[in-house]
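Listed below are the structures to be examined.
What follows is chain A paired twice: with chain B in the first complex and chain C in the second.
Showing the complex of A and B:
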């Protein structure tokens, strides 16, 4: 019996040790050493003393926050309306399908769409505006990132709203609540688990969309994800790259702890 | 009430248009004889001809598929074993710790996974080539397989195993005739998710691939950085059709299998 258990456990445990624990330890070790492998804190000193890194950190979070917020604003009504539709399965399939197209291809499409002679500028030209330089700006980065994340936000919210019993909404209306009150005190709190999982699914990946900042955002190093890529692949200063990575991991854990606490604290009182 | 329905329709249609414009924009210009995505010149199949004569790209395409098949298959085996091992754990604390470690790669940003794997391979002296990419893809696909298989194991009726043993089945027979068939739907969705993870990955591959090996994502990235190339547009049409086929197959198989849990089934399509 024992040997059989080991047979299942060993390859999986080997994976955990080699590809989960060891890489974390290695990235930590690199962040605390210099290029000659001797212990140093100088990477962290550089990170927190040098204004550019701190600015980048704030930027990353600000952009991730904006992307998440705009995605939520567009996706929530879409998810809500989706629950009212007759052919839900078909609509859902149509919304999910674009997530299957390679991310790089979608980003590439926007190089054409947002260009000076692209679709958006042609549209603006109809109104006598233009040509506006959109490509290679921070706005373009946020726009494309939002586009990519929308389906990932619609789905969890849709599932959450779908589980709310229509009787609850009807009860709220019968008791004289206005549309806004029904939304604010019934629909929103009950659909919050969906919103939260959507936010978590978008916020963290938004921190590491370095290929978008490279292709669409004008090759500038504006987020921590891009900085890590820059230090690992271009300047080859792995120690500094690892340091940024560790800071990103710590911030990520903080964000997750914060959102988890909130869910526990705010239980719905009906 | 009807009015409300209309707003819903308009809003959803608008969202869909937004989601599909970039894809059809690419496909539309793949038939243009021009050199950019600004003006449609003449209808032509020229870019498709270049695409199908581009041996380098075709080789990359085949290697990407080989990589996805191999990595998802191995990840499914290790992940299923892992799920079986986790469900057999007696202490709740052990289970939770293992699951927490399992989920580390699920929540880490891709750049971190890529960077730490790059350090890992270099530290162990493993060269950056097909092997390192394969190992990475197996590594980041295992947790999702575990998460797909584990619920099936938890739902399983363990008296089935006792019954099989009472009827004289040996360990191998219990495993292959009782356990595996019962959790097969979970294994299948795990395999499918692993397949899409691998096909779709860019960031991790970008870090751990050397000069000799490239996947489709990495290749598209390096081409897109050089500007617009309508051969990439033609490629996107081909990939769009490929995805339609894949989704069609998945949809067909799963809806046939479990008609009742329909909305969950579609949810399974999300990466």
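Showing the complex of A and C:
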């Protein structure tokens, strides 16, 4: 019985070792060596001494934060009203549908829409405005990133709200809570697990976005993701690229720990 | 004093289903009421309309003389103990009970003693710091009650609050609920499909079926004088036989004529006769009003439940402290007052009007 179980674990373990643990070890090894494969801390010293890297890090954080926040602000009410809808399955399908389209295709579609000869500018032209330069701005980057991430935020929040018994909401109103108080003290805390997974699913990958920064942000937005790509693909300085990667991984783990933190309850003495 | 009045309440759900049909009822302050009816009869719908979670399609709800039909649930001085307790799973016992007071922005030094008092009332002293998931069903039930009564509502609504508990615990909680109600002096409206529960706890019962109130009155009145065969069958076991009215105070059934206590019904009208199994006494065959043959017998702890048939193949259910020999012919004796004559499809208003009329006649004679 035991051996049988172990047998079924083999593919999973092989996968984890080959594609998760080994790459991380490899990155760690690269980050602590120089181009001649001898041990060094200089990569890290460069990272934390050189202001550009720190600025990039803050930049990454800031954009990831903005994208996550805007996505959350749009997705939470959307998910809430979705739980009240009649044709939930259909609406969910419509929300999931865009995720089936390749990211690159979506990015190119947006270039077509936002570009100087794009749909938006054609529309603005009707009112005698423009052409306005929308593509290759911070706004375009955040807008498109938000658009792409919204389904990944709506789904976990939708599921979390759906699990809350309507009687619990009624109980809150029954005890005199206004709509806002019911949201604050009952709905929000009970749907937080959904919000947390949504935030993790968006904030963490957003830290390392690089394709969108290039195609939509026009390389004006430089994040750690763009930097890694630069070091690995262009300057071929794998050691520095790996160092940035390690920093990114540490940041991601920190975010995970922060969003999963449970608040300890105070005991009351009656 | 009347605290709640429902006037001509009807409720049609979005799918067109009419759950309540012209409900009129008056709830007096400080009493224990039950809404009793089978599942789907509209009990919860009435409760939701009183609590404010559901709007009636037509009709009005009055509270303390004021029309509150359109008032938000949050603004009504009514609290509810929900069917599955609906406790807040992310809060512990203290926070659950304190919820209503915190919402009302009461200071902590007022909240703490109030919560303590409420927990004491439901015998959960020392449970303040427990998580809800650590509690048994009975304890969760008590927290739900404490969470409601801590707000000192004028009316407490309880929806099938004891249904999920096992029999022993349920009996205990029935006594406790009644004791809490007496102690606080607030009005309880208790929804149940269990007739025994309603009979043992209530000052007054509303019997519901198909979205209509079939009968209302004290447990004794409802048990002794069911207005129709639905109530007779639903409340307790009964023998229901079809018969014919001969004249006032005389009725024919099971091929015999009997004196009875009912009048005001046309001679020769078809009626139904209810006799409660515990009103039947087993006597020698020659002394009985009817002779039956015992067929089965069950000992139920405090009495025997005997099934017997008479010469006309009518089945009789008898509760007796003494057993009988199976297959033996015995007599059944009952008094004229034990015979309850019901007209077919008589509403409670007609019933009350008839009783008034013939009791009036009686006094004149």
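Keep in mind that, in the parts below, the second predicted complex is superposed on the first by the 233 of 270 C-alpha atoms of A that agree within 3 Å, B and C clash if a C-alpha of one lies under 4 Å from a C-alpha of the other, contacts with A are read in each partner's own complex, and residues count from 1 in each chain.
In this section, a residue touches a chain if its C-beta (ideal position, glycine included) is under 8 Å from a C-beta of that chain, and two chains touch if they have at least 3 such contacts.
Everything numeric in this text was worked out from a predicted model, so none of it was measured.
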> Fit or clash for chain B plus chain C once both are placed on chain A?
Replying inline: fit
>> Contact-wise, after the overlay, does A:173 reach chain B, chain C, both or neither (first, second, both, neither)?
In response: second
> In the superposed model, does chain B or chain C contact more residues of chain A?
Replying inline: B
> Of the partners chain B and chain C, which touch A:155 in the superposed model: first, second, both, neither?
Replying inline: first
> Is A:107 contacted by the first partner chain B, the second partner chain C, both or neither?
Replying inline: first
> With the two structures laid over each other on chain A, which partner does A:185 touch: chain B (first), chain C (second), both, or neither?
Replying inline: second
>> I'd like to know which partner A:198 touches here: chain B for first, chain C for second, both or neither.
In response: neither
>> With both complexes overlaid on chain A, does A:115 touch chain B (first), chain C (second), both or neither?
In response: first
> Can A:165 be said to touch chain B (first), chain C (second), both, or neither?
Replying inline: second
> Least CA distance chain B-chain C after superposition, rounded to whole Å?
Replying inline: 10
> Where on chain A do chain B and chain C both make contact?
Replying inline: none
> Along chain B, where are the residues that touch chain A in the complex?
Replying inline: 4-5, 7-9, 11-12, 15-16, 18-23, 25-26, 29, 36-39, 77-79, 81-82, 84-85, 88, 98, 101-102, 104-105, 107-120, 123, 135, 139, 142, 146, 171, 196, 199-200, 202-203, 206-207, 216-217, 220-221, 224-225, 227-228, 232, 235-236, 239-240, 243-244, 246-247, 251, 262-263, 266-267, 269-271
> So in the complex, which bits of chain C are touching chain A?
Replying inline: 51, 53, 72-75, 78-80, 82-84, 86-90, 92, 94, 99-100, 103-104, 112-113, 115-116, 119, 128-129, 147-148, 151
>> Could you list, by residue number, the parts of chain A that touch chain B in their complex?
In response: 4-5, 7-9, 11-13, 15-16, 18-24, 26-27, 30, 74, 77-78, 81-82, 84-85, 88-89, 91-113, 115, 117-119, 147, 150-152, 154-155, 159, 162, 204-205, 207-208, 210-211, 214-215, 225, 228-229, 232-233, 238, 241-242, 245, 248-249, 252, 256
>> For a test of understanding, state which residues of chain A touch chain C in their complex under the given definition.
In response: 165, 167-168, 170-178, 181, 185-186, 189-190, 265, 267-268, 270
